[in-house]
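Heads up, the next two complexes both have chain A, just with different partners, chain B and then chain C.
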Partner chain A sequence: MASGKQAARSSAIRKSRHILMTATTLGLASVLAAAAPAQAEEGSVKIGFVTFLSGGAAGPFGVPARNAAELMIEAINAGSVPAPYASTGLAGKSIDPIFVDENSKQKNADYQKLVEKDEVDMVLGYISSSSCKAIAPEAEKAQKLTILFDCGTPQIFEEIVTDPQYTFRTGAHATMDNVAAARYLADTGAKTGSYAGINQNYAFGQDSWRDFSASMAQIDSNAKIAAEQFPKIYAGQYGSEISALLTSKPDVVHSSFWGGDMEAFVIQGSARGIFERAKVVLTTGETAMHRLGAQMPDGTIIGARGPHGDLAPESELNDWFRKAYYDRFGTLPTYPSYKMAQALLGVKAAADKAGSTDQDAVIGALKGLEWEGPSGKVSMALANGHQAIQGTAYGTYEFDKETGKASLVDIVRYDAECVNPPAGMNSIDWINSGFEGAKCD
Partner chain B sequence: MLTAVAIAVDGLGFAAWLFLSSVGLTLVYGVMRILNIAHGGFYALGAYTSAWAIGLYTQTGSTIALTYLIIPLAALAAGLVSGLLVERGILRFMYGRDEVLMVLVTYAIFLVLEDATKLIWGTDSYVSYQPAYWLGTIDVFGLPYTVYKFLIVGVAILVGAALYFALNHTRTGKLLLVVIEDREVSSALGINVTLFFTVTFVIGATLGALGGALTAPEISVVPGIGAEIIVMAFAVIVIGGMGSIGGAMLGALIVGFSRAAFVHLYPPAELFSIYLVMAAVLTVKPYGLFALSESRKI
Partner chain C sequence: MTKSFDKTEWGLLLALPVLICLTFLLPAWVVNYIQVSLGTGLVALGVMIQMRAGLVSFGQGLYFCIGGYTAGLAGKFLGISDLFVLLVMGLLASVVIAFLLGFLLRRYREIFFAMLSLAVSMILFGLLSSTEELGSTDGFNLPQPTYLGWAPEGDLGETVLYVVTCVVTLGLALGLNRVLRSPLGYINEAIRENELRVEYLGTSAHRAVHITYVIAAAVSAAGGVLWAMALGHVDPEMTNWTTSGQFVFVSILAGTGNIAAPLIGTFLLEIVRVYAVEISPNTWQMILGTLMLLTIIFLPRGLWSLIASAKRKTAAPKASEIMEGN
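Entry: the complex of A and B
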């Protein structure tokens, strides 16, 4: 017995030593890597990738994005992406990546290190709107081509950097998600007499609610706001907020929650019947639908911040991407993976078009560019050719208990010009103008 | 009326969670004078162990009832192993050092625990909702609440009562109060202070893990949850008076009810509510509501 205890204890100690040694080795490795001089392979393009590799956003966003980056880099370097991307590399040069964790208290310093010490040719990354707000001005100052691939706040080119030269965003901003959410409610005949919001208390959550409530006011002028909740990001406990939503009896609940916060809200909210009493719209719901399975209530309206994942239209490129991703990682790609692939293909399209990876040449080609991603056409139509727009889609969640499979039904697709503002117009002004010039089929 | 009831029930539920998550922190500070930042790491370890074990168990298709046994066992396993490793492996070599240095040491341990958690469980979220669902809901004035939430309130009361009884009505507890009062004199009287430190730290770690383990079925367990809880727990024990169990309970109730009131009555200030309460209490009682009296040594 005593020897059993001893064995267990020594096994625990061994495990702890293993963990500590692994941590030490990893730490040492990263120090050595940082100390090594930046030596890009001859004829390669060095790209700094910044996504969440730790913290709450790593699992649902950062790691799927990094996975997609790894997959796409290999495929682009090997020339194995389907046409029109079948040529090798970026204008013939292979991509040499450096991955950096976005979960950092010193994002600007990390960015400067990439630019000055690692001497990257471009930076591609940033999931959080807060990161983008900090990095966009930094990129302009450093005069380094920087591609924002995911973050949502429309503020980036409307308020923070109004005349971008070096910063691009290859995914549409959050206005699209929220205008389309309001349109979807109207198009599917949902009851919208009163609506409530629960969004995180920072740029993305606040902007999402601003755009959704403004769109609802335009689409159904009789609709009333029942409640507005802005809990702290990563709060995890939403008991009081759910009670406040229940007592205000809304017909619709809008949430741009993402990651662990969204999953916690679904668990706590569905246990207390909010999904039965109201139509719940989750603008980023697609990232969690396969993981939550039966836990996500049927009838929930799901978005993917673009026509990504289960909302992606069929195409050869999409089929290739889904299969390659599934074969390699054992799960289907969610929207952060799609947006990373979209960004890298945009860079490839620009470099191939310019026939060079020279920064000025790529910038010139990327401005106003149109290209095909796994989720369809992307156009750099806003912010003087620096901000992408694309079509989007919403669907309604359905879980098949027999097969254990989650799917989206009643999918409605929206053209890019139907749910994005026109060039030269701020998002909120466009919504308040009654979506002036919107082209919806 | 409905709002008042909702504030009362939500406040109580939030307070119970806060108390369970912070009582271990105040216990360790009271006995050892260590502001244990690693407490957040124990909370996360408890949550991951519980969510992982529940996930494994429910895959077998067996009755959900047994998951209520898995939760405390997971907390016990996580708290015992990590608490002992940290105390015996690191902290015992640091006793007697400056309190500020100990904050840095425990912060370093917290970072190691965060990485260890990531190495073991990865970055994907763990969802183990079954125990929170299985008991169903009860309506309070038409508002549905999960029975599991009331179970957490019950556990919080039980833990508070057990700690109170153990400290005030058992021989060991009384000896511990002596150690809290003066560790040098206790040592001179023949009390094994080192053993008390080890046991207290492991109990503190286990209570932290219990907070996480009980919360796991209600949330999505993701990297970084430990960092969130340490800020809240710190606010609670500062309001209540660092080192006081009763203080932690009162602090949790004050924070719980005030946050619920803000969410229902004035949501824009919810983020600020905890710090508003903290500032108000500290203005009147700079060392918290039930601060332990310090004997001055000459």
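Entry: the complex of A and C
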């Protein structure tokens, strides 16, 4: 009896062990099989898209960028983008995308996986400056065409990869946002006797304030800094910072807050009257315009990190992009969407110009290229033709209570050469030199 | 000396040539994941040896970051790129800091230890994030490693770094296995079971915890140096609680049964993540979360318990066969 039971049990154990072993073998086999290079579809261009699909930056940046990518890929493959992009695909080849989450600790390993396992023809992405710093040298090492579409740090081609061969950035870097903000204040005759800043305590916030305060010092040498506030990113509550700003009585408040933090600041700050007592400049305010509507006080100065969204110049391409985006996603495109569309159209323009999607041909054509994006002209003027410059614009917010529509008035446009340092010059040195060689109309 | 090697140590020794051979057998991207997993796996090892004493460190990223930043700072300001020098510097920095912090942390257990270790790591995160000179949250880049004056370039450089990473990681794992088998290791297990009794038996629990904490810190810092050299970039995210949480995640998933478990667990988790992202780029965390839940429900002692029970089961029928006289 007992031994029978034991035999049954041991056979059961053996069986379960068997199952376990088989499962492990199968698992290993599938990993190895998957490790073998996947066959690329004939006649298509494989592009790896890396943006934030999770985490705090996904909502305001990553997902709008991915949405724009999906929209543009479909339109480019179908040939339904207005002229001069009406031909189908990239030099006739359709785009085959792979999306990857930028929210990962192993960004470089993920990049290598895209290049080697997925055999992408190019990688397009990266929102965080930290990612760009890590990826740019990796791209040069892997010798794979890599297009950074959004990240803002000027260091990429100034310090990290000083002689780029494979890395491009199709978005202008962050310096111009704050130089233009300071210029806009002067151009619209705002009172700038004293100014204060509230920026997030991380690289982008610190750089923004550094550039803005340096620009203000150049434009109005009598202006004084009334207060500097650096709350934690994603803090969400700014009661004490707003009190500090109010007691310092500044004429201007500068903020590079973005996403949820910016919306929280607008709602909390307007309730305490800071928008009435000071001119508030929101360098990324455009993303929240249509969401906040009446909650955003009139007279707020709004930027979009380039001439994007409501600041985009009127063109057939822009009208088409806004309509197509709205029809598909139910919201208007914000600047990350514009930057993604701009990058993809740049690639298309380069491939069409070269008549091929061969890496060397695309690189050759993209170098120093000028093309029209939905937000106007982009030119790869810096870093030996690898870094884009672009004009920018600022406007003043106005909400029409009758129609419930938000709009920007008093829009001032700045040429690329007016708000960007010339080739070979470090951003902060350029500002401190009194914008040497800036060409403004 | 070799006589005293146990099975795990033989396994680790055998794993070294196997891992090195893998560079020539597997595609480069898989090898790359192995390499970064060895770096972060060392930190998970640090978490695991503390878990043996019943301590859950929710701030092990602190030492991961100290290792990475020490290497980075030495490269940036002192121009040192020799991997061995950087490793020693990372170890020294972490040991000094852990030794000092240990006086505070050794007095706490359970959730208080977890929260305090988390708090300390977040202080460093805050400091680094507000230091513009070090690139703030963007961090900064590291130089290419050299080895005692030798500076291999390109593919060779990568292979050498991989081999050195393997050697250092397995060497440290071997050392840690010795620690687990030493009186200290057994005292730690006793502390987990009943600390009061340990004290009555005449050993200082505080001292044992303190030493364990310093050892864990040193191993984590070595992981930080190796990982940062492979990536070529450091940023404060290394000491953020999400990073520390991932190390705890790995230790729970892999189990504390064997010194190899966290290393293997880290790699498996990395591969699962890669495929989860590929299958479902928008909801890959759900796949990882489900895996975590299933592991906790069905394998409360971690994945390693699968191997451990398989071993026990193979041993069991043999014993009965002998008994029956076959």
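We adopt the following convention: the second predicted complex is superposed on the first by the 403 of 441 C-alpha atoms of A that agree within 3 Å, B and C clash if a C-alpha of one lies under 4 Å from a C-alpha of the other, contacts with A are read in each partner's own complex, and residues count from 1 in each chain.
Keep this in mind: a residue touches a chain if its C-beta (ideal position, glycine included) is under 8 Å from a C-beta of that chain, and two chains touch if they have at least 3 such contacts.
Just so it is clear, the model here is predicted, and its values are computed rather than measured.
Novice: After the superposition on A, what does A:165 contact: first (chain B), second (chain C), both or neither?
Specialist: A:165: touches no partner chain.
Novice: Please indicate which partner A:80 is in contact with in the superposed arrangement: first for chain B, second for chain C, both, or neither.
Specialist: Once the two structures are laid over each other on A, A:80 reaches no partner at all.
Novice: For A:295, using the defined touch cut-off, is the partner it touches chain B, chain C, both, or neither? Pick first, second, both or neither.
Specialist: first
Novice: For A:143 in the superposed arrangement: first (chain B), second (chain C), both or neither?
Specialist: The answer is neither, since A:143 touches no partner chain.
Novice: Scan A:433 for contacts with chain B and chain C and give back first, second, both or neither.
Specialist: Once the two structures are laid over each other on A, A:433 reaches no partner at all.
Novice: Once the structures are superposed on A, label A:203 by its partner contacts, choosing first (chain B), second (chain C), both or neither.
Specialist: After superposition on chain A, A:203 lies in contact with chain C alone.
Novice: Output check: A:234 vs chain B and chain C. Expected answer is one of first, second, both, neither. What do you get?
Specialist: The first partner, chain B, only.
Novice: One more residue to check, A:110. First (chain B), second (chain C), both or neither?
Specialist: second
Novice: I'd like to check the shared interface: which positions of chain A are touched by both chain B and chain C across the two complexes?
Specialist: In chain A, residues 13, 20, 53-54, 201, 230, 232 are touched by chain B and also by chain C.
Novice: Residue numbers of chain A touching chain B in their complex, please.
Specialist: Residues of chain A touching chain B: 12-13, 16, 19-20, 22-23, 26, 53-56, 58-60, 62-63, 103, 201, 227-232, 234-237, 239-241, 243-244, 246-247, 259-264, 267-268, 271-273, 291-292, 295.
Novice: Note which residues of chain B are touching chain A in the complex, please.
Specialist: Spelled out, the residues of chain B in touch with chain A are 2-3, 6-7, 9-11, 13-14, 17, 81, 85, 89, 112, 114-116, 118-120, 122-125, 127, 129, 132-133, 137, 143-146, 148-149, 215, 218-225, 228, 259-260, 263-264, 267-268, 270-271.
Novice: Using the touch definition from the top, list the residues of chain C that touch chain A in their complex.
Specialist: Chain C reaches chain A through residues 26-30, 32-33, 35-36, 40, 126, 129-130, 132, 135-141, 230-233, 235, 237, 243, 246, 270-271, 273-275, 277-278, 281-282, 284-285, 306, 310, 313-314, 316-317, 320, 324.
Novice: Spell out the residues on chain A that touch chain C in their complex, using ranges where they run on.
Specialist: 3, 6, 10, 13-14, 17, 20, 31, 34-35, 37, 53-54, 98-101, 104-110, 112-113, 115-117, 128-130, 133-134, 137-138, 153, 155, 160, 201-204, 206, 210, 230, 232-233
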